[in-house]
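Both of the next two complexes hold subunit A, though its partner changes from subunit B to subunit C.
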Partner chain A sequence: MKKLTGTLFVICSLGMVLAPSVCAESDEEAAAKGLEIAQAAQDAKEGFGNYIAKQVMVLKDRKGRESKRELRVQILELEEQGDRLLFLFDEPRDVRGTALLIHSNENQPDDQWFFLPATNRVTRLNSSGQSKSFMGSEFSYEDMNPPEVSKFTYKYLRDEPCDEFNCTVSERVPVTKGSNYSRQVVWYDDEAYRVWKIEYYDRRGDHLKTLTVNDYEQYLDEYWFAQTMVMTNHVNGKSTTLNWSDFEFQVDLDEDDFTQTSLRRTR
Partner chain B sequence: MSRKLFRLIFGTYLSLSAGVGIVSASDSIEFSGTIALEPRWFWDQSLFGSDSRNKGLSNSVFVMPEVDAKLSESTSVRLVGFYRYDETDRDRTRGDVREAYLVHYRPTPLGELEMRVGLGRVFWGATESHHLIDIVNQTDLVENPNEEFKLGQPMFHVTLSTESGIFELFGLPFHRQRTFPGPTGRLGFPFEIDTDGVLYEHDEEERHFDVAFRYSHTFGYLDVGISGFVGTNREPIFVPNFGLDFPLSFSPLYTQISQTSIDLRLQHSGWLLKFEGSRRTGALNRLGIEEDYSAFVGGFEYSYFSLFGTVVDMTLVTEWSFDERRERATTRFDNDLFVASRFSFNDFQGTTVTASVLLGNDNDSAIASLEFSRRVSESVSVALELVLLNQIAADDVLFPLKNDSYLEVGLTYGF
Partner chain C sequence: MANAIFNKFTEASLTHRWWFLGGVVLVVGALSLGVPRVGITSDHFVLFSENNPQLLAFEEFEDTYVETNRVLLAVAPKEGTIYTREALAFIEHLTEEAWLVPHATRVDSLVNFDHSEAIDGDLFVAPLVEYASELSDSELLRIQDIAQNSRELVDRLVSQDGTIAAVVINFVFPDERDTAVLAVTDYLQTFVETAQEEYSGFDLYMTGDVVLQRTFYDATQADMFTLIPVVFLVIVVLTFALLRSFFATVVVTLLVMCTINVTMGLAGWLSVVLNPVTAGIPVIVMTLAIADSIHIVTSTLANMRDGMEKRAAISAAVQSNVFPVTVTSVTTALAFLTLNASDSPPFHILGNFVAFGVIMALLLSFTLLPALLAVLPLRAPTKKTQTHAPFERFSNFVISRRYWLLAGGTLIILLTISGVFRLEFTDNWTQYFDKRYKFRTDSDFIAENLTGLESWEFSLDSGQDGGVTDPEFLNQVDAFSAWLREQKEVGYVQTFADTMKRLNMNMNNDDDLFYRLPDDPTLAAQYLLLYEFSLPFGRDLTDQIDIAKSATRVTATAKTGMTADELKEVAYRAEEWLQANSPAIATETTGFTIVFAHLSERNIDSMLLATVIAMGLISVLLIILLKSLTIGFISLLPNYVPAVLTFGVWGHFVGTVGLAGSVMTAIAFGIIVDDTTHFLTKYQLARRRGESPQEAVRFTFNRVGRALWTTTIVLACGFIVFSLSGFAVTWMLGMMLTITVIFALVADFLFLPPLLLAIDRRKL
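Moving on to the complex of A and B:
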């Protein structure tokens, strides 16, 4: 706690110059406000039911060489439990037919199963693999899974302009074990609570990666989904651009499509 | 391949092809597949056999075409063919229909019901080193001595997925014979196997209708499976043909067995614990005497991510396999320790390296292997497999393979 107060002190010292009113707030108020924003952002995203979409990942290394990954994703929202996710790998060819099933859990590590087409085998993935790179990209398994509100503690930091919007900036600290991050700093616009940027700090507290989010489009007259996400790794100089397309909402998907039985049927 | 089986497979294939034909006009049909060059290099002369089992390079190539077709939202067909040409082993040059099935599923008040008919591949199990309980499909042993490759099994397969678990029932109307390397092939037996003179304990021979069931469920971080099988054994025992033949040949004999088994996977704070246990009755032991037995394989998997601050992940696997028949066991997993380490480099090319060793606790046998795989383009990948068999003890079931260490270099193109 002492450490946290120290951090807050540093942030407030900086903040004092820019927005003195912010730092008049106590730790508790900053935490409550942070949670409130995260919850509002979550509420704004909730209710789409389910969707399918295509993802194309372009991996770029320090020298500018590129490599491509293609996958399809299916997501189902559940009322009482965490979301269900299914990733179907199409490219490169050697991983074609591989599928990843994720059952998100609210306060504990997710359940993850892989389907390996060569042997028709379903195998459980180690939950400690959250920090594992997703298909060699700069996104980790943890980054690919939209986080549940209950998986973090929060702290509101400040307001600042971002492009044409006004953004609120808050910090979140993972509470579940196995996260690769000590904290994340998130930029939400105050219009529709869309995420525009996330800074990821590693366990030592160093700035590891930055995610920038762009090209938001509205679906079902209500929900905003980004088409472009760029994850830049500041340590190894690599980056990954994730392009979303072909969104289809409220398709014929239910819990039966996210079981170990359906996983065997994915190809 | 027997004529009866050929007719069965070909019949299934034709009727499914007709199904595919109906939808081929639409875009719900997908063709894909794999072509691979897989030369193997054996640097030692075989321990047994004639000059025909020479050391040196043995070229081989296989093609595996796949067709996936959606007949409706909840009905689909999958066809997977396989053909391998092998330069030195005539028995390794062969074709198989790996999969040719129709699958349909629908919701019911109890849960989702899935029905599958045709040739399929079913995997049961949890562990890495040894697939003790995986019995539905026959092993395609001529493909690779690691027993990972399986022949397509004719089956009726019904799955009911309920809130309290997944219930599966299998009807298996036809038994497929295990494949073996031929007289001129490496990794073979010291004697000739008479696959035309195969023997069955049951009068109905390969037509015996086998049945199997499986119940599996997830309790929190624990996956549990309970399975049963009654029917013709997949693992043969060899019976000498005392007759005029010289040299003496052996016929595979398949007895009627029953097997009950349990498999577990438990995830706990970074550890993955795995276990398979089975009880089998009706099988013959290494001495050719009927002996009921229990066997198990169990161990753990632990992964270190971002090793030494790099993007490399390392997974350690340790498993112990035990067969209470010990020296009378028909497999090499009588009392052995398996240790493996897998490195994933998380690079563009998806490079992985796996090193493993299987150590006998009852003898001094050691089998080591090193595998490497890497993509060279979006559709081409290269794989190396080095298998060292020269440390096999004289009393080991695998002793005939003592001089069959090899290096395989695979170049695979996916389309």
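Moving on to the complex of A and C:
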């Protein structure tokens, strides 16, 4: 069935050129199917409650020189509002204890607070845009914390095998301004809607970066989390690898652990 | 023995002329097929050898930070400052749209400058200008106040008087650089035109190394397509004027065309890519190739005029010319081969292909030329145009006034040579092209009104990962930056120390007292982490700090109008200051500017020895040919003096010389040695027959005076065409060679004979 839709799509893409009216419906079908997959993937990720994990970030330049950071991550899902995220730095030593708190918001820029142990103060950081680099890595802020499903329009492209799975490939185009990307192409497997690869195209439409995701582990018998994410920038030759480990789910965390006051207490 | 074989060969070429013609046409045709395969490059780094130490250092620097491929767009409102809604909206538009230029990776302007400030203890980081067209008057004033007081903006992205702003676009190119440069500059051309149509109240100027590369490409193409036809026309006209025969002109022209096709064809088959330097190959080869054939055709016509039957006339002309033409071709080729010693690879290509072309011209002169002469309906001019009378009078003059000429000549030589000490060797990339190129006029405008285009780069290394935030290191960086700012040659200085000071101030409620470096290393490190989080896409710190955060870069922009020596002097001074004050972080100056500043010097060093060796070899060759040590030594003077004189004249009237100067002597020597060879061979011939030096000088003038005069005119006319080029290296080389061949003729006519008369007391 899926194969058939793919073929139909190709035929219709051709048809669009020849007789636009004939295939208009199928174009809508592709959009609907893309949205459907994205929503399914989103749903599959939700409901874990909270978790803590360790993250090792390795930056590599085009000459292969490396630089490493280590941090702990705490994430809390909330029903009505956006998620709460807390990043705690362990390495390098001079930034140990630095913490970043993010309250993600659905329809306005996220709130961000920094705690710098050297000043013993919490500073609110107001800097516009989701397009920022995440700590000088090849991940941007929006790559780390992808916006809601509704912030994109979708188009199902094709099915193709990826490793031992069958993947659906679809394209998403940001609805609002402010993104670095003109479009993204996402590979989901059709077993559990896990992301295996994302290609990012810049505002010119050139292929800028590719994210490859690997080593998925299942937690709570339901949720799949990847241990390895590699973002490669094809233009500057740099890459960033994120290695996740020590996941712990449904730990004792609530909203009070994600406030400005709690930020001071984190160590 | 060799002569006999050659005679047989010549006879065969005349008897089987159709076979010869067919064979030559086949070989020439096959090689010519390579001509369309000759490419053109825009890569200005072809001027540097792979192991050029300054280039290697610069490449390492680029690897540590970021590739420097830049385009600077300057926006100048026709009236008023840039702090109006219209002007800021225009700059905002350009900044936004610049992202769409192919391969652009970063765009900087005052509009997207990350302005940070503290408000109620919160840190606000935002582009300095947002929604420019909706700004209120007070917001405009606030922006002006911030921008004109920012160390990080003035002299870099805004001019001191606030009337010009810059949009700087950085690029990372894929491996196919040439294509990328063309794509980027083509795009920008349309981009600028469209922008100027939409916003008519502004002037736009464009510079940067990417535009330089495009100009490099354009200049190569322009030189290929304008110089070649001009030199071709010059050759046809000159040949006709000198030979006064239609078919003789056809023969010479055909020969030159064949030579050039074979040479460029081989270049194509060997996948040679042309640049402004190697674009000179066809013109030089054409100029040199014509001399051989003119000698042979002149002799043929003279023989026919003297009543010889055509075939015998050709045969005799070839016989009498084979020795001198071979010798002069070989010495010329030898001189061009010495260009292989240059540090600049394009000169290797130039030398090798011109040498090849000269030898091809020689071979064709003894194969194609006699056969062509034989098949074409050649007629000798009936009127006797050639007369020895002018040279008879001239030799009388030279002989009677020899002491005056010797004294006067020596005086003039000494006076002129003094100019050599006034010469300054410099290669300045902003001045490589003349004002016919928009790149030059735009660069000049930007350099005068906005920001210097030359800069010194320093990579200061703390020696440990994360060391850039170490207060001791930062203080040294800051002290060095402050020292740089005190130098009168330095304009704008970009340093990470300023960023850190600004952050410290922002984190302390924008209190001016805190515009200083933090004392606590962990505090500085945490500021940096915070700052990294606040930066938007494409504006990260990788162009300032290396990946391990162990090293940072300090960039100092030079004020406009400095020579290579002055640029190097500041670099040395900076290095000395670092050695004396911060030995732990001492480093060498690098950057595009420094790489170019050393270009001439390196080339002169590498060419000097090679030129001396070539001169030595050719002099020894002359001594052997002339079978006299004295005459051989005397020959050195007219061979060496013209080039020195040219440098003297250049020093007096122009002052600066670059790459062209480093190769001029070697090229000129190979060409002017021909005159001396012709002159001294005939002189020796007469002396050996027992004539006195005076009689020998007279005989020589009568025999070769006209030929030398003719070839000098041809060479001077050929080389002067080079001065039409808009590329400094090419036109300087052309002018210098023209002056040198004229000096060489003057020296051979007015200085060499008195010298021979004064020194040659031999009884033979």
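The rule is short, and it goes like this: the second predicted complex is superposed on the first by the 233 of 267 C-alpha atoms of A that agree within 3 Å, B and C clash if a C-alpha of one lies under 4 Å from a C-alpha of the other, contacts with A are read in each partner's own complex, and residues count from 1 in each chain.
Keep in mind that, in the parts below, a residue touches a chain if its C-beta (ideal position, glycine included) is under 8 Å from a C-beta of that chain, and two chains touch if they have at least 3 such contacts.
Source: prediction; values computed, not measured.
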item	value
Subunit A as common anchor, with subunit B and subunit C clashing or fitting	clash
Touching partner for A:K132 - first (subunit B), second (subunit C), both, neither	both
Touching partner for A:T119 - first (subunit B), second (subunit C), both, neither	both
Partner chain(s) touched by A:D111 [first = subunit B, second = subunit C, both, neither]	first
First (subunit B), second (subunit C), both or neither touched by A:R265	first
Partner chain in contact with A:N236 - subunit B first, subunit C second, else both or neither	both
First (subunit B), second (subunit C), both or neither touched by A:D94	both
First, second, both or neither for A:S67, with subunit B first and subunit C second	both
Colliding stretch - subunit C into subunit B, listed as 129-137, 453-461 or 471-479	471-479
Common interface residues of subunit A - those touching subunit B in one complex and subunit C in the other	59, 61, 65, 67, 92, 94-95, 119, 121, 123-124, 126-129, 131-133, 135-136, 180, 236
Complex contacts: residues of subunit B adjacent to subunit A	32, 68, 73, 76, 78, 103, 105, 107, 111-112, 114, 120-123, 125, 148, 150, 159, 161, 166, 216, 218, 221, 223, 265, 267, 269-272, 301-303, 305-306, 311, 313, 315, 346-348, 350, 375, 378-379, 381, 412, 414-415
Subunit A-facing residues of subunit C, complex	63, 66, 99-100, 102-105, 121-127, 172, 465-466, 469, 507, 520-523, 525-527, 529-530, 532-538, 540-542, 546-549
Of all residues in subunit A, those that touch subunit B in their complex	59, 61, 65, 67-68, 91-96, 111, 119-124, 126-129, 131-133, 135-136, 177-178, 180, 236, 252, 256, 259-262, 265, 267
Contact footprint of subunit C on subunit A as seen in their complex	59-63, 65-67, 89, 92, 94-95, 98, 100, 112, 114, 116-119, 121, 123-129, 131-136, 140, 180, 203-204, 206, 235-236, 238
